[in-house]
Amino acid sequence: MIAGAWLCLLAPLAGALLITLAGTHLSRAAAGWISTLSVFVGFAGALVAFLQVAGESADERSHTSTAYTWLAAGKFQVAMQILVDPVSLTMMLIITGVGGLIVWYSMGYMKGEDEERRYFAYMALFVFSMLMLVMGGNLLLLLVGWGLVGLASYLLIGFYHDRPEAIAAAKKAFLMNAIGDAAMALGFFLLIAKTGSLDFSTAFDAASSGQLSPNTANLVALGLLGGAVAKSAQLPLHTWLPDAMEGPTPVSALIHAATMVTAGVYLIVRTHAIFEAAPNVQHLSAIIGGVTIVVAGLIALVQWDIKRVIAYSTMSQIGYMFLAAGIGAYGYAMFHLLTHAFFKALLFLAAGVIIHHLAGEQDVRKMGGLRKVMPYTHAVFLVGALALAGIPPLSGFWSKDGIIASALAEGGVLGYTLLVLGLLGGFLTGAYTFRLYYLVFHGEPSELVLEHAGGHMHEAERAHGHGEHAHGEGPLSMLAPVGVLAVLAAIGGLIVIPGLWEPFLTWIDGVAEPLVTASVTQDYATSAAAVALAGIGIWLARWAFVAGRELVPASALRTVFEHKFYFDEIYDALFSRPAQLVANRLRDDVEVPVVQRSLGEIGTGVKEAAGGTARLQSGLLRSYALVIAGSVFVLMVVFVAVR
Amino acid sequence: MLGPSTTWYVAVAGVLFGIGTTGVILRRSPLIVLLSLEIMLNASNLALVGFSRHFASVDGQIFAISVMAVAAAEVCVGLGLIVAFTRRNMALDVDTLTELRG
Amino acid sequence: MLTNLLIFLPLIGALVVWAAPLSRGETAALAVLVALSEVAIWVVALVGFDFGSASLQDSAQREWFGDLGVTYHVGFYGFSLWLAGLTVVLGAAAIGFGAWVGRDRARAYFGLMLFLIGAVVGVFASQDLLVFYVFFEAMLIPIYVLVGVWGGPNRITATVTFVIYTMVGSLLMLASIVVFGLSQGTFSLIDSGTSGNEWVFLGFMIAFAVKAPLLPFHGWLRTAYTEAPPEVAALLSGVVSKAAVFGLVWIVLPHFPGPVDSWRTVVLVLAAAGLVYGSLLAFRQPDIRGVVAYSSMGQMSLIVLGIFAANDLGLDGAILHSVSHGLVSAAMFLLAGMLIHRTGTDRFADLGGLAKGRPALATVVMVVGMLTLAVPGSANFAGEFAILAGVFTQGWGYAAVGAVAIVLAAMYTLRLISAVLHRARGEAVREESRDLRLLELALVVPLVAILLALSVWPTAISGHSPGLPTQGSSEATP
Amino acid sequence: MGNVLVWIIWVVAAFACVSTGIAVISFTNPFYSALALIGNLASLAVLFLLASAEFVAAAQILVYAGAVMVMFLFVIAYLGGRADAPWAGGPRWLQLGAFVVGAAILIEVIVALATKASGGLSSDAEISRSFGSPAEIGKLFLTDHLLAFEITSIVLLVAAVGGVVLGMKTLAEDEA
Amino acid sequence: MIVASSIATPHVDWLALSPALAPLAAAAICLLGAVLVPSAVRRGFSVFVTAAGFITSGVLAAVLFHRSPEVQHLISDSMTRDRFAALTQILIAGFGLLAALVSFGDRRRDHVGEYYALLAAAGGGMAFFVSASNLMTLFLGLEWFSIALYILVALDTHRKESLEAGLKYLIVGSFGSAILLFGSALTYGATGELGFSAIRDATAADSSLFVAGLAMIIAGLAFKASAAPFHMWTPDVYEGAPTPVTAFMSAATKAAALVVTYRILVTAFPEQAEIWSVAIAVLAVASLVVGNLAALAQKNIKRMLAYSSVSQAGFMLIAVAANNQIGAKALLFYLIPYGAASIGAFAVIAARERELGREVTLTTLEGWGWERPFHGAAMWVFMLGFAGFPFTGGMIGKFYVFSAAYEAGWWWLIVIGVIATAVSIYYYLAVVRAMYMRPASARADLIVAGGSPPSDPALSVAIGAAVAVTVGTFFLVQPLIDLAGKAADSLPF
């Protein structure tokens, strides 16, 4: 089991290194295969470990394996160790499983790209980093993985490095994440100062035993929350995610939908002991999640870029997970994470098929009527959309419903607020998802669609390098993973049903005992409400589409949505500009004139004094005698005086 | 001692020394500067002789005689230089010696 | 014996290289050979080193002049051995770079480079204050000429500024050394006791603050780092600045506990300010070397934070970060040199788009860049983390500033990376500007490889630096 | 009463000494200055005599006034005494400075003397008849001050060489 | 009644005199040679004799050093036989030897024999001067070498600068001598004694006459050591004098003057130490400030080095001001690398001067280091030595000087010395800068006269020896400092 876990962790790393080191000695296809295989090998390792752990009794499912001491400084020690328990196993399976599918898919999607090898190396690196994050056996290793996924994300968003927007987006993503990292690190410093260690057990024991003062616990939890919010693109550190859609679509699927962005949820679940010691912060995370659900949903209503709509939807869905984790429904948080990975990856990949088919076009206004041209894609996209909207019995329904029910069960002002936000989110989800669906697939085929129909090769497309179309809609390597994901998105939710297998929630509960459990009644009530609201949303979308109207009519409100609630502008005014201003002022008003020129001034002063001294030496013999005689006189006077 | 006490001798020596100093600083002709230096040396001699008498030790007188010889030596070299100056058509004016300066 | 060899092999090599009538190629080959043997000797020393012991190892001692208690005494402790290793490795890379570029006046050039290496190793090995001063000053001699002769258009200003700045510092240190040594009756760093004299302390502090540099003492930095030939700049920021680390750790901390305590806040505030200041300025520099210069200032400030954290956590982190920062900044300077070699400039405005079709260059720059911004998991990160965790105990504010600096580091490094590699091709970049060739890779990749190895196992350094002085707190490395 | 005569002689000599000294530095023509210096040396010789330094006085007249000054006059005659007004040329502050410093030094000497005088210079030691006699001086030159004697000769030798080499015309000068 | 037969000629310690007599003998032979030896070989003959004279002097001084563990006062205390003097005599002999070697390449046609005779005579005078132990021999020794130097400075009568320098040196030098003499007279007047130890033992210690005399004696000696503000003749004379003479003066005169200053102050005026040590410290500071500042503004290298020698005198005066055994050691030690570097630097300048036929400035040195690697590297070593960089004895010298100052409690002198050193680096390194960092000038007038520069093995030997001493004093501190310590023990601290 431990061997399987290590294999899972190291296989993608090996893949990444191999591709990097082999460089151009490796064919492009081989790079793809190595990458894919390495991730699937990881999946196999994870599966082995999973099966073994699943066979153990519930209270013996946590395993730690230490390789060596990674960092020892002073008395502080951190081991290179992995933690294998149900939560990390779930994540491992998602990462390697969904990840493997997506890398596989990439082989078709990226074919003919200029720097494929680099791409696949990055993908493998990402999978390794993500595994590091979830398997890291202590907080520092978690932070390491945390940072590395940020790195991989940066690399992949900026993959098209000759596009300024892509580079800007990549930098933005990295910076936002760096802010989160810094916040987390600060929390860790405090933890080290108080407990001298970053081991999970020490930290959690300290938290749950009340050894940490409430203040300390709050601060540490805030730090963790800061990191989680940044990584999971929750308000207010979310602005990087939509921009991150500049990356290749499989990247969006893997990193910005299925895995990395959900790391925040994983973090809260993993460190729930600390959050529970700081209930205010935990509730804050729930509120952040709730608000994000709605804000992201609203913005998604007015977006025209197919990937951005899905991106905002991702933010919104992660909001649900934060909401769940914030009220202690850890099982449902993880469950929604799982199902979301399925259907969101599916949606992104399906969108990728469309984009691929349309030679890179992402504007939905130029699409339409694709249902007939791409029936397979239409089918899988529809599955994904329904799952996202939470329509039973598709996977999204089970997980989202549980979360809303938990909010109801939480009760109080907080619970009811969250409930309302959650339900509103369900409505919005239905609306924006199906707005997208109708715009893309229904109506008359647009000019662009017609051009690309029937495998007809466009000039530009050939130039773009997209090769042969094995299928009418795309190469098999793309369609097959999509199919697998469609199945998973459809039935994945069923694992929560008792009796089918050990219920998923129990599996997670062994690690993170839930703080709230919804009763069956609450469950049914919220289910009904949520499905109804989602249905209304879907209907509204259809109505608007048929009527040829916008869901949000042009108004001040729409302007606000279109400007994404002005977050970018506010940050620009609050942070970017002042930082640049300060830096410029420092450079122009302090460094150059004071620090650098001051030396010159001193030099000039000394030189002037030197010139003066030299001028005293006038060459006049008599003046020399005068100076000597004068000095002798002074010397004598002083001597006689002080004698 | 015959006449005034040593103090007076030395006072005259001091006056002569001052005169010599003034001459060195004041005059531009190297010849007169050399003469002024002689005055300074003689001032010292007067002081030495005066003190010599005061302490009844002949050391001072012997010193004075040595100084005379040294003075002669300096004059010898100085005059040689002045002759060389003239030979090279250089002005006998120390104020013109400002080639080396700064 | 090994230590003597490590110090004097390059010094003697310098004389031989300078005096022997060899052609340019032969001279370069000889110099590279000496530099590589230096690395080999260091490896031998490393293998034979007992990290479990806290005593001086590989020591050599010789009377120099006894009436004032001055002895030639050299040897290594764990931490100084690492610093010496950093020196020899970077020295070899820099000399290799010089050979690759084909510096003219080869005999003088390589002689001076070897001399510099010997002097720096001497600094890290010295166990006597005067010996320390000797090597500390001796470093300046080759640097002065290397910058002044082989540097950029503004080289003379740069080198004069650098030398005057550092000399003022180190002469104040000489005054302190005299006072301290005579009052102690010995100049030995091992035998001498502690002093509470703040003036003497300040003499040392200023010298090291200039060398590092700390905030108000960095006026020489910009021009020296940008006008110096890239490989010399690599040594300047990579190892010469670490002489300050050695001095602070091995002279100031153990011998001035009282003044260190009373001045701790001042130093920490200066260092924190320098960290932010350097990072902000790095963000606004128009060229690679400018960025790396100010980034070095920031990172050195960070190291000083760790040293003055008053606990072993910060101190070990500082040592680790010294090594990794040395490697990474040197690699960055060498890369800048390679870019200059093919494009004639390292100004961002003229660069760009270099990633396209140059995978090796892109990969190396990216990796080095990521190490520069201390991406989590890197050795730089480990060092930074330990330093900030250490200094946290002195006040959360320092750690918070450090956290801000993490973000700033990301800002300037990403700016650098994208300006060089990404976007449209810059004016100075020609289609035929080549990818990194094998020789260039042979210079940079070892540095990167060491960094990656350290990233996998930072404890190699941070956990193997016994012999550090025990501090005011009860924490002591066993 | 003999004392009165001595006093008068002393005062006259001292006065002559000072006034010829001033004359030396005041004459425009170096020739007159040189002549004034001879007078100065002669009056000094008188003072030496009064201070029981017969041999020194004799040497003063013979060596100094006789030999050295003759050399001076020769050179001045050779050069053709050029005029050099004491107040002409040069910065004003220098002329002023010359007087100020000259006066300052002599005042300082006198102040030093005055403070000392109260202590020890008032009473002279008894002297024997042979004090300052050529015999005694000669003996001391050959015993206690042998080195001074020898060195004086070396100094004179060196100076003689110098006078010769500097006074001679050289090959290099012809070309310069 | 004294009769001739009753005169008991004093016992003369010929060994004690020998370091002074050997160069004097060489001078005499050179003078003879000027007449008797054919002009074709006169130069070689004279250099050989002079060098032999200085070597003999050095060897005899070494013997003297060995055989003089106790201080002896000779011939009614008119001179001292001790190690302090002997060691300085070794130094002077060494400097003289180097100066003779440097002179060899100077292809003077006139007064060849006289030149070397005067050089040797000046060396002999200094050798005697440092062992003088009464005011009369002090003055006479001073005049002995001074007059020889006046002539040497002016000896290039075809160069107006040389004549100008000669006259300036003569007048200002005689002025200084007169001050020293008057001071001696006052001191004599205050104590009735001429011998140093006798002066110390005299009771009239604190009279105003006495301290006025002391002030004038200090001024006279500081003049010879070219300490500010008595330094003003130095730059003009150093610049105008023939370069080998400058080299000799800068090293040997300074050594002699400083050593004698130290001797007279601690032997004759220990009671007034509180006064004179402060005065010397002030002179030191003035020298450091003036010398360094003025040197910064110089373009002419000889002139720059002249000012530098003023500042170096400042450093050595710190050792004097310290008034302790370490100080005496420091002074003696400092003189070794300083003198070697100084002669060496002027030797390099001479080399450039000879191949160029005109004065050496920073401009005319541009790029020269690359053309003449040996001279360039040597110059570099000398500059580093002056600046007190490691691997030169200059550093150890400064270290000892500062140590002496610390022992004496003069910590502020250390700080000033440190700042002065920092300033001095600018102009010392300016020479290196010119030689290496600026491209060789293409100006036609800087092309070496007559094609390839004349080969001058004697000069190269001198430069090489100077380099060896400058660097060697760094490594061989212990033996040298032991010698200096033994020498310093001769002084009554």
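In order of appearance the chains are A, B, C, D and E, and numbering begins at 1 in each one.
One rule holds for everything that comes next: a residue touches a chain if its C-beta (ideal position, glycine included) is under 8 Å from a C-beta of that chain, and two chains touch if they have at least 3 such contacts.
Predicted, not measured: the structure shown is a model, and the values here were computed from it.
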| item | value |
| --- | --- |
| Partner chains shared by chain C and chain D (touch criterion as defined above) | A, E |
| Most centrally placed chain - per-chain CA mean versus overall CA mean | C |
| Remotest chain, chain E as reference, centres from CA atoms | A |
| Greatest separation from chain B - chain, by CA centre | A |
| Distance from chain E to chain C - Cα centre to Cα centre, in angstrom | 43 |
| Inter-centroid spacing, chain E versus chain B (mean Cα positions, whole Å) | 26 |
| Distance between chain centroids, defined by C-alpha means - chain A, chain E (Å) | 78 |
| Whole-Å gap between the CA centroids of chain B and chain C | 65 |
| Touching two or more other chains - residues of chain A | 614, 617, 619-623, 625-626, 629, 632, 636, 640 |
| Where chain B touches two or more other chains at once, by residue number | 6, 10, 13, 17, 20-21, 24-28, 34, 50, 54-55, 59, 62-63, 66, 70, 73-74, 77, 80-82, 84, 87-88, 94-95, 97, 99-102 |
| Set of chain C residues in contact with two or more other chains | 164 |
| Set of all touching chain pairs, with the criterion as stated earlier | A-B, A-C, A-D, A-E, B-D, B-E, C-E, D-E |
| Complex contact set, residues of chain C against chain E | 18, 63-68, 70, 105, 130, 133-135, 137-138, 140-141, 144-145, 148-149, 155-156, 159-160, 163-164, 167-168, 171-172, 174-175, 178-179, 182 |
| Residues of chain B touching chain D in the complex | 1-29, 31-32, 34-36, 38-39, 42, 45-46, 49-50, 52-56, 58-59, 61-66, 68-77, 79-84, 86-88, 92-93, 95 |
| Of chain D, residues touching chain E in the complex | 108-109, 111-113, 115-116, 119-121, 130, 135-136, 139, 142-148, 151-152, 154-155, 158-159, 161-162, 164-166, 168, 170-173, 175-176 |
| Complex contacts: residues of chain B adjacent to chain E | 6, 10, 13, 17, 20-21, 24, 30, 33-34, 37, 40-41, 43-44, 47-48, 50-51, 54-55, 57, 59-60, 62-63, 66-67, 70, 73-74, 77-78, 80-82, 84-85, 87-88, 90, 94, 97, 99-102 |
| Chain D-facing residues of chain A, complex | 620, 622-623, 626, 629-630, 632-633, 636-637, 640 |
